[in-house]
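Every chain is named by a letter (A, B, C and D) in the order it is written, and numbering of its residues begins at 1.
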Amino acid sequence: MTIDVATVRKQYPTLQQEVDGRRLVYLDSAASSQTPEAVLDAMDGYYRRLRANVERGVYRLSEEATARYEASRHRLAAFVGAPSPDGVVFTRNVTEAINLVAYSWVRRRLGPGDAVLTTAMEHHANFVPWWHAAQDTGVELRVVPVREDFHLDVEAMGHLLADGRVRFLALGHVSNVLGTINPLSELIALARAANPEVVVLVDGAQAVPHLPVDVAALDVDFYGITGHKMLGPTGIGALIAKPERLEQMPPFLTGGSMILDVSAEHVVWNHPPHRFEAGTPMIAEAFGLHAACDVLDELGMDVVRAHERELVATFLDALGAADGVTVYGPTDPEQRSGAISFAVDGVHPHDLGAMLDSYGVCIRVGHHCAKPLMRWLGVNATARASLYVYNDVDDLAPLLEGIEAARRFFAR
Amino acid sequence: MTIDVATVRKQYPTLQQEVDGRRLVYLDSAASSQTPEAVLDAMDGYYRRLRANVERGVYRLSEEATARYEASRHRLAAFVGAPSPDGVVFTRNVTEAINLVAYSWVRRRLGPGDAVLTTAMEHHANFVPWWHAAQDTGVELRVVPVREDFHLDVEAMGHLLADGRVRFLALGHVSNVLGTINPLSELIALARAANPEVVVLVDGAQAVPHLPVDVAALDVDFYGITGHKMLGPTGIGALIAKPERLEQMPPFLTGGSMILDVSAEHVVWNHPPHRFEAGTPMIAEAFGLHAACDVLDELGMDVVRAHERELVATFLDALGAADGVTVYGPTDPEQRSGAISFAVDGVHPHDLGAMLDSYGVCIRVGHHCAKPLMRWLGVNATARASLYVYNDVDDLAPLLEGIEAARRFFAR
Amino acid sequence: MTMDDLYQEIILDHYRRPKNRAPALDGEDVHVHHSNPLCGDELDLRLRVRDGRIDGLVFDGEGCSISQASASAMTDAVLERDLDDALELAEDFRLLMHGTPATRPDDLRDGVVFEGVARFPVRVKCALLGWMAVRDAIETYLAGASDHAVTYDD
Amino acid sequence: MTMDDLYQEIILDHYRRPKNRAPALDGEDVHVHHSNPLCGDELDLRLRVRDGRIDGLVFDGEGCSISQASASAMTDAVLERDLDDALELAEDFRLLMHGTPATRPDDLRDGVVFEGVARFPVRVKCALLGWMAVRDAIETYLAGASDHAVTYDD
């Protein structure tokens, strides 16, 4: 099975547009993916037929909306192999999912003498919450460095774990800058060897859209997901957790729907996952995320991965052969996803981005919310082209053309 | 100017439906309002033409999406008379807006010896966050009781303020159960007389959809809003704050977009409002909320209020005259909005809700996330019919018919 | 789905003229209190056991017709049964509420007419309240205790 | 909007052959460092004042063509001006970036060609970097200090 990109593209209204008479070439899915008709239809179905609040209505609109909202939870659980739908907490995005754990686990349970281990490859979403929690609690923040081959430094990680004080490990599944796919099982085993009780959170923002993921098999405590990068709508993400972890945690946000009883004297928290969903949830967005899982499963995540692996190999070859282009990231397509960071000699990424825009090519430039990694790379910014199901080899030529034009334009 | 309800209704796809051959009568807008075509179009416009992440793209899709996202902030600021767009923080819902303040203000600044004052009329969203913060910090939680006339007990409030230890006041603008419109200026003046430094948060969830609101004139520190009750989409709300308050606050959620610099050693927070918007925001939802403000302003909030005041008077008269019906809430339409709670003799609210559903009438039954108030009313649940711009006198007959049918059906 | 699917005549009969409804029970061994706070249903159940059999059982409470009628029908179905047998029957009813046909329809007695409630998800909790309470009462008894309270979520 | 709207030939000239670009300034009175971390633009600006006039001004840094070219054009426009006058000119440029026509186009010199940048909101910060830095340098000088660093948000 392969992806028939021409057919797939028809499902994405944005990609039907032209920019200055050129086909729009969208190479920024690592920032946010395009949205297929099926996802828009699912949300429309909610707004046009079932528009009501969920969880407490006794009339049919609300009952059906509730059933479908909960069905989305089951759908996402199945899609990522969550241990149980009760371990699926809907959040606004993966950033909120990670903060939930920083507030309701790390801040509540760790203190001076304990350490949290993260890496220099993380998105700020999986770095700043731990930094902030460390400031508040006196926990020590340790950072696994990156090797010259753009993989995590496993040896250094071993040293950072050696004293057994690391009680929490926060790790990205796939780097949004380098494309590196981290060997999770190996890294987690290393951490558990040093401390069998270590609690593990994985930031899956760049993994779930692009690889088959089985959270139960990974045996992690927490796994974060964001909807808008996996063909879903904005405004929804999820924390996937072992239900027993959630049981142990006090709530984070409080308000309606997450309590059983309230008086001035006492409050009885509801059971997970509801304990962690305060107030009116992202109802339409949950409908949309459900449809996004369907779209991806119809393509088949194995097929999605195979398509991207082939495509990234083609792009890497071509960029490697282009004049004045330096790629940051693993060279072996087996070990990386389709986010390709690069530099062009003599052209600042911002200028490159503007030039590519004039060719109808959308790429991202900047620090990609990964300042610690930028420091390590020794640059202020990179350009990044990233691939998804609607990209194909025909997107390569406009990219190369724009890069070459920028080189000529800005040559001194 | 009055509302031409027949024309208005055409804009709401859900209301075009029939239930068992009867017109759908939606009387649950206090839980969540219906969504007009203009709001759906605005979100569609984002997903179909401008689908990209915001705040950092150098290509046109992203630039325009960013400009429109920020325009939504300005639009909402103008709609509620916010002191400045820099004081508008987008959140998932009002529950999150209130929690933001509970974490970044109350937990950071108050401690033993200080008191937070709230009321027995609040929705859990404006009660449980303070209860939880009080548990964490040793702050004392005080609760203003409700009088027999369904207004707050101003005299008792004076006593609760007398020792000057109340440093934070959390107050609902309009009760979601009783409909009571609280005399904010009077109550805030009382609190400031006792302690000029008192910081004031108002829960405006039930006010902004129904009344003209001018946050700057109210001179409150924080004002919370939720989009799905004001014709907007699910998944978006806002905290409106005095910008200087936000400047004084550390961030709540951390991650991308809310920092200026990050390393293992230091983090520089971004300026408000961005400091409080971590990760990819609710982009489509902001487009939708913008359109919702437009729809309401086109009707005119004075007109919306006048329409509801007239309608609630009609409904109150009819319910008051109906056999076996008891209404909870102020009788003067000037002092209340269109949320009408009531009981029917011999019929449990759940059974009433089911009967009304069979008449195509959607009402809410239960505790309405206001358990402290339910305790005071001495009931476990009430039925609530609530009104909005698409309701009219023709919605009254089906309601009365269903109530009467339930009375007969369940008579012992 | 109409009112009649949900409110069968037998259900209304149990609601209007509940069986074994009382605020107290002579020689009570166990008292449990169960509630669905989100609906406002409250139930007190009192149990007396003799020779491993349910010898006495009364309920009291406040709530919608479904919760009160189901509790009434439940008492009727489990009185005089062995504790193990009653637990099994409660499980049969629970599965019925989740769409599985009853394996012991005759033993459930009027309980079977609640089958239609399964199609009204928000009311399932109401119908289950009495059955979950009796299960809890028996388990509390078997554990050697005499009192228990349970609060359900939505 | 094409590349040519943004990248006028004069802008590219300033980028390729910047004026007053140097890592140090003899007799420097003030040094400020400004950055747009979200773009990765960095700028060092050094100022020497004599008799209330900008007597020496050099910049150094790293960033996109717009930020570097604008800083170059800025030095050209404000050198030799009275401090007050330079502050006024910086305000004129700031307004220009927000869509207000320049009131002193001639004094802005090559600065006026950046007018088109106003239509590219994400690049406005880049064009402003040098001008905000010179304003800060003058204000730092007037406040009697010699060093200042500023980080902009997005």
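Keep this in mind: contacts are C-beta pairs under 8 Å (C-beta built on N, C-alpha and C of every residue); 3 or more make two chains touch, one makes a residue touch a chain.
It should be emphasised that the depicted structure is a prediction, and the values quoted were computed from it without experimental measurement.
Taking the CA centroid of chain B as reference, the farthest chain centroid is that of D. Our note on geometry: chain A versus chain B, Cα centroid distance of 31 Å, whole angstroms. Remark: chain A and chain C have CA centroids separated by 46 Å (rounded to whole angstrom).
Inter-chain centre distance (chain C to chain D, centres taken as mean C-alpha positions): 78 Å.
Multi-chain contact residues, meaning those touching two or more other chains, occur in chain A at positions 56-58, 60, 257, 261, 350, 354, 366, 371. In chain D, the residues that touch at least two other chains are 37-38, 120, 123.
Taken together, the touching pairs give a contact graph of some other shape, not a line, ring, star or complete one. Chain pairs that touch, as defined above: A-B, A-C, A-D, B-C, B-D. Considering their complex, residues 13-14, 17, 19, 24, 28, 31-32, 34-35, 40, 43-44, 47-53, 56-62, 92-96, 98-99, 102-103, 123-129, 131-132, 141, 143, 226, 228, 233-236, 251, 253-259, 261-264, 267, 278-285, 350, 353-354, 356-357, 361-366, 369, 371-372, 375 of chain B touch chain A.
Of all the residues in chain B, the ones that touch chain C in their complex are 20, 348-351, 354-355, 358, 366-367, 371, 374, 379-381, 409-410, 412. Residues 2-3, 6-7, 12, 15-17, 37-42, 62-66, 120, 123, 126 of chain C are the ones touching chain B in the complex. Against chain A, the residues of chain C that register as touching in their complex are 1, 37-38, 120-123, 151-154.
Of all residues in chain B, only 55-58, 60, 63, 66-67, 257, 260-261, 268, 270-271, 274 touch chain D in the complex they form.
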